[in-house]
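First chain A sits with chain B, and in the next complex the same chain sits with chain C.
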Partner chain A sequence: MNKVSVRQLYFFLACIAPVGKLVVMPVRLSAKAGNDLWIPTLLLYLLQAAAVFCVLLLGKRRKSLYELLCERIGSVCAKIVHLLIVCFLLFCALIPLLEQKLFVQAVFYDTLPSIVAFAPFFLFSAYLCSKPLGSEGRAFDLLAPISVVGLVGVLLLSVSNADYGAVLPLFASGAKGIFGAVAGACSWFFDPVLLLLFLGKFEYGKGTAYKGALFYLAGGAAVIFFLITFYGIFEGTAINQLFAFTKTSKYYSAITVLGRVDYLFIFALSLVMTFYTALPLHCAVESCLQAFGRKKYLPTILSVGFNLIFLIFDGLLDYHFGDVLGVVGKLFWIFPLFTLLLPPLLLPSRRSHEGA
Partner chain B sequence: MKARKLLRTIPMKLYALLLIVVLFSFFSNDFGLVDIQKTAIILAAGIDKSEEGFMLTAQIAVPKGTDRSQGGTSSVDVTTTGVTVSDCVSSIFGETGWVPKLVFCDLIVLGEEAASEDVIGYLNYFLRSEYMNDSCKLAVCEGKAEALIASKSALADVSSIAILNLFSDAAAKSGKVLAKTLKDFAVDYYGVSKSSYLPYIRMMEQRGSSQTGNGGSGSSDAGGEEGEIRPEVVYSAETTALFADGKMAAVLPPDETFAYSLLKGNVESGIFTAQDGEKPVTLSVLSNSGSIALDMKGAPKVKLKIGVIARLCCRGTTAPMEDVSNDNVPEAVLENAEELLKENTRKLWQTAKESGCDLFELKKALYRSSPKKYDEWKEFLLDKAEPEIVTDVRSSK
Partner chain C sequence: MKICGSLKKDVEAFKKVLPAEDILTFDFVSEKGLSFTAIFADPITDKELLGEQVIRPLLHYEGKACAQDVGEKITSPEKRTETDLTKLAEEVLAGNPVLFFEGMDEGIIVGTKKVFVRAIAEPTTDVALKGPREGFIEDIKINTSLVRRRLKSPDLRIEFLKVGRRSQTYVALCYLAGISLENVVKEARQKLKEIDIDIVPDSSYLTHFLSSRPYSLLKQIGTTEKPDIFCAKIAEGRVGILVDGSPIALTAPYLIVEDFQSSEDYFVPSYRATFTRLLRLLALIVAIYLPAFYIAGQLFKLQLFPVRLLLTIAGSIRDIPFSPSLEMLLVLFVLEVLNEASIRMPKYVGMALSVVGALVLGETAVSAGFVSTPAIIIIAFSGIGLYAVPNLLEQTSVLRLVMLLAAGSVGTYGIILATGFVLFYLVTAENFSTPVLAPFSPLIPKDLRDSLVKYDVGSLRTRPASIGSKNKRRLRHE
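Right, the complex of A and B next:
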């Protein structure tokens, strides 16, 4: 139950991780980089793919993250790093949670629903997080085809309305716009850290690391194609289109006759997103368990505790999503510290241990 | 043994149950329940300028009762004023007790006076609202939008349904109407060209017919008087309003509207009338290609190209059977058709140029190809560019 196969991780990297980047990130990118929104995304994906490569390469040693850290810095420091990772994962979870809540409220309801409408998510998340992290593997197997159907469906209905020339001229936003967008979008790129918690749970095979990076880039290509389509449809008004993936397909000519059939694909992506949103919390629980041992009721206590905290945040931050984005945006540098710096730092192995 | 097996399967069942609860909660959409006794389902909105600021006329669908013999759709028109459009929308609730719902609003009409100002101020509310369908059709009308929305259509129970028929895909393919959605207008306005167009609706009284306002099916004016006679009208949107910097700057007549449709390559089943000597001959467009190309080598030149494959549809005179059975268009008619389209395109160019509307999206094309040249030419491009019009009308064989 606590093992995942490499295939399941590939599914996560190619099909599930991209879904979290289709809600508010396109609007943030277009606000900073305008028609160049795909360039910062490409830069971020290339960097993150390198980090994914490093993480999967660590899988060769068949050790958990905690064991790897103990090997390098001792158990006390390893525990501290794990606690920092927990804090980071909880920080990461904030934006996906709030954006999904706002998305559900705005898109699936014709008028503003009660705050309780999103509360069952925490019930589901608390249960999911109390299970071993390996159980996500089965979910990845089931969610990958749903994600592909959802994304392909949305894109197919969107392409005919896009003016792809809108991405011209290239580099119109300049270096400031592009790097500003890179900083602004950092908060949606934390997948290598999620992957770190899967270390020791999969069997490294030949070429797993580079294949994983390629699968991640394939997911990135889908995101970039979506972003270009999104900008091609909305151009200068793109910055007003929150919940991007629910907006692009509604202009398809048949929809005026058939109604919002595109909601089938949007529902599919929303289902995948529900799992992706809970994943940082699940990884935070796993991180605690690796550092402090798998005591009988600890997973349940941690899971309920984390989800309770977020349920409270969810209520308190109901009308403060802009403020949250602002704060997270200012602290953008935290994301590369954990996603880009931590995996390569773990790579060099100690000869004495290798010899042993 | 059985109990242990049951216990083992409980987590999976709980997992599925929780997932169902979450999905139910997310996707229930309040079970799609709309209390129509308390909700104003707005089918169309007309916006005019008023002394206070804005005047909104909302066409609200109302339940029609259970008498099946009546059938159709029924509506009531409510007009409110306010300092913002949002103010007007909330006044609908204040005056009627109905909560306005814009999700089903498929048409926004701007009055002529409102269109003479920067119209984006009138559309601001609709662009901001997450609960508004921005693929709704947008149009401008002759006179007041209030009068258009409140008019009695000769063809449908509700005026907005009759007007929306003008913007169907079939109408667009005829080339006679240039429809635009709220989203597309906003994209044009906030784009480099800052120019756009909207269909310009006129209403004409249906000869020989009149009806009382509040009887039977159809729309009724909330403020109207009982027994007031309202003539039945029909609508036309064959003219097109051009917008520069958000203000209505000119109106294209039907010929120029058709020429622009041909330039965009949108026409698949439209007709137009050329001359065979002194006699009229109507041609049917079987296929159409059009292009607009900006050439910045030396002085700016714009190549406007229209390609049409047509068949002879109808003569305005008597003709022998051999001619009736022949769809081919005579060479002289083809030449005349080419001249006619060239002339209409020339007039279209002139109207757009004089109004300052970048209808041909030249600034956009230049910006995309060279931002540097765009900065250099953006103020003069429309004035300095010279058109080269090429028309090619061929007969179907």
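Right, the complex of A and C next:
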């Protein structure tokens, strides 16, 4: 149960990871880069794909992250790095959690529900986190087709309303706009760190690393196509269209006759997003377990503890999503530190190991 | 306690071991003066056979007091000797008479048990328009013969075990040597041997002990009443378990996809089988989710309904005194009660009950304004939908209620979270080291050929990898 196959990781990279980037990120990108919103996304995806390549290459050594770190910097420092990773993952979880909460409140209810409406998510997340991380792999097998159906459905209902010429002229926002958008969207790109926790749980095969990077880029292509469609529909008003993937499909002509059939696809994507939102917390639990051992009740205690902390945050930050986004935006440099720097730093020890 | 060879003392000793009043003795003497005593359980021994095959030949016995010679005189094909009184007593309780005679320290067990069986008939829970119509009955010997008739292979192993301290019920563990995985057979055998229970009235008692999560909401052991399905499952590498006194056979490892398959799927064109399997899945999804979404739509998100439908619903629920969730729970409660009562009631009263339930109660409840017409339509459709996969009825009816409660309290997001819970619970569920959600999770592309889609029999060349088998090839092809 605690093993995953590389196919399951590919499913995650291509089908599940993109879903988290369709809610608030498009609005943030439109605000910074306007019609060039797809260019920063492409840049981020290319950088992250390189990091994914490095992480999957580390899988060749069939060791967990903790074992790799121990080999490189000793067990005490490895534990410290693991604690830092836990802090980073909890930091990463903040934006998806809050955006999902807002998404739920806005999309699933006609009137604003009480703040406890989102609380059952933490029950679900605590249950998920108490199970071995490898079981996520099996969930990816089921979620991948659901995600594809959801995304294809939303896109099919959206394309007819999009003016794809709206993304022209290219580079209209200039370098400042594009790099500002890169910095602003960094908080949605932490997938290589999630993958780090899967190290030692999969069998590296021929070409796993580059295939993984390609699958990640395939997911990126879907996100970019969605972003272009999104901007093609809303153009100048795109900055006001929070929860992007619920908005693009509602202008489809058949909806007046059939009702909001697009909700079927939105619900499918929401289900996938629920799992994706809980994943950083699950990885944080796994990180603690790798560093401090799998004691009997530790997974349950950690999963309940982390989710309880976020439940409190959820209550405290109920009306402060903008502030949180601002703070996270200022601390954007933390993300590349862990996602882009950490995996390549672990690679050299691989060479020395092979040399030995 | 052993037999001593003195007829009088042995019979007395036997009576002490088995003092029940329905255990009778019949004394007779051969022409040469050798004394015999036959001991048998009155209600379950075929006395006619006992007289024909044992007593009549022995009246003319002229040989010595030797078990082998006496045995040769007995014309019954089923006979053996035993020295232990306790074991002899067990045989008498099973219906096989025991024969004692003077000067011999062995008793002869004769297989003249009276068998009360109903005729082999088509099982009511698994009806097929095409394909075999035979169903298992309550007698384990007949059931094993039905299996043996279909699998005439020397590799078919039928291991008999006794389960139940008091009932001493025969349980047959069936598998194909060389096909079933040894660890699965070993685990099943071990689990059966470890069962320490008073009596085993039905095979369903054993499922608790064979499951790795005995208190799980979801099924972990497959069931069937049809020998053709039972044999097909064994041929795929599963182990089968037959229990004396039960027409329901168990199979393990169990995959959830099994319950979407019907024996008929293999006797109709593959496109038709695929269509009906997908229809069953769709019916089940609609049955579980339709009432929940109806409530969530009314309570939290009216946009879920198209405008015209919304207006119709609004017209119907205008004067209903209950909240949508309470109304739906009420209708569901009535449906469950009707369902339960109609199964238990005598046949003729049952028909009257259906009329009262469906027409009188439903019609008057709507006209009195207690419940709305859409609620009744939705619950009725949901009730029918659940029967598209009857083997999962217990589980799916609970799931429907869970979704209903989630929708009533948190709305659509509650339904999504509850679905997430169920999915994750399912992907982590394993029995006999086999994930119940295979071949979908973990994904085993080859096995998808006989899952919700059904390929032609010529394409099913290998046994399912989800179950695992020592011999993978099912079909040899040029």
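Everything below uses one rule, namely that the second predicted complex is superposed on the first by the 349 of 356 C-alpha atoms of A that agree within 3 Å, B and C clash if a C-alpha of one lies under 4 Å from a C-alpha of the other, contacts with A are read in each partner's own complex, and residues count from 1 in each chain.
Everything that follows uses one rule, which is that a residue touches a chain if its C-beta (ideal position, glycine included) is under 8 Å from a C-beta of that chain, and two chains touch if they have at least 3 such contacts.
What you see is a predicted model, and the numbers here were worked out from it, not measured in a lab.
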When chain B and chain C are modelled together on chain A, clash or fit: clash
Touched partner set for A:Phe234, first chain B, second chain C, both or neither: first
Touching partner for A:Ser253 - first (chain B), second (chain C), both, neither: first
Touching partner for A:Ala31 - first (chain B), second (chain C), both, neither: neither
Touching partner for A:Phe124 - first (chain B), second (chain C), both, neither: both
Touched partner set for A:Leu168, first chain B, second chain C, both or neither: first
Which of chain B and chain C A:Gln8 touches, first, second, both or neither: second
Contacts of A:Tyr109 with chain B and chain C, given as first, second, both or neither: both
First, second, both or neither for A:Phe267, with chain B first and chain C second: both
Among 37-45, 307-315, 361-369 or 415-423 on chain C, the segment whose C-alpha atoms clash with chain B after superposition: 415-423
Intersection of chain A interface sets (partners chain B, chain C): 104, 108-110, 113, 117-118, 120-121, 123-124, 127-128, 131, 267, 270-271, 274
Contacting residues of chain C [partner chain A, same complex]: 300-307, 309, 410-414, 416-417, 419-421, 423-424, 427-428, 430, 435, 437, 440-443
Residues of chain B defined as touching chain A within the complex: 11, 14-15, 18-19, 21-30, 34, 99, 101, 103, 127-128, 130-131, 135, 169, 181, 183, 186-187, 190-191, 367-371
Chain B-facing residues of chain A, complex: 104, 106, 108-111, 113, 117-121, 123-124, 127-128, 131, 165-166, 168-169, 172, 234-237, 240, 242, 250-251, 253, 255-256, 267, 270-271, 274
Residue numbers on chain A that touch chain C, as the complex places them: 1, 5, 7-8, 104, 108-110, 113, 117-118, 120-121, 123-124, 127-128, 131, 135, 137-139, 141-142, 257-260, 263, 267, 270-271, 274-275
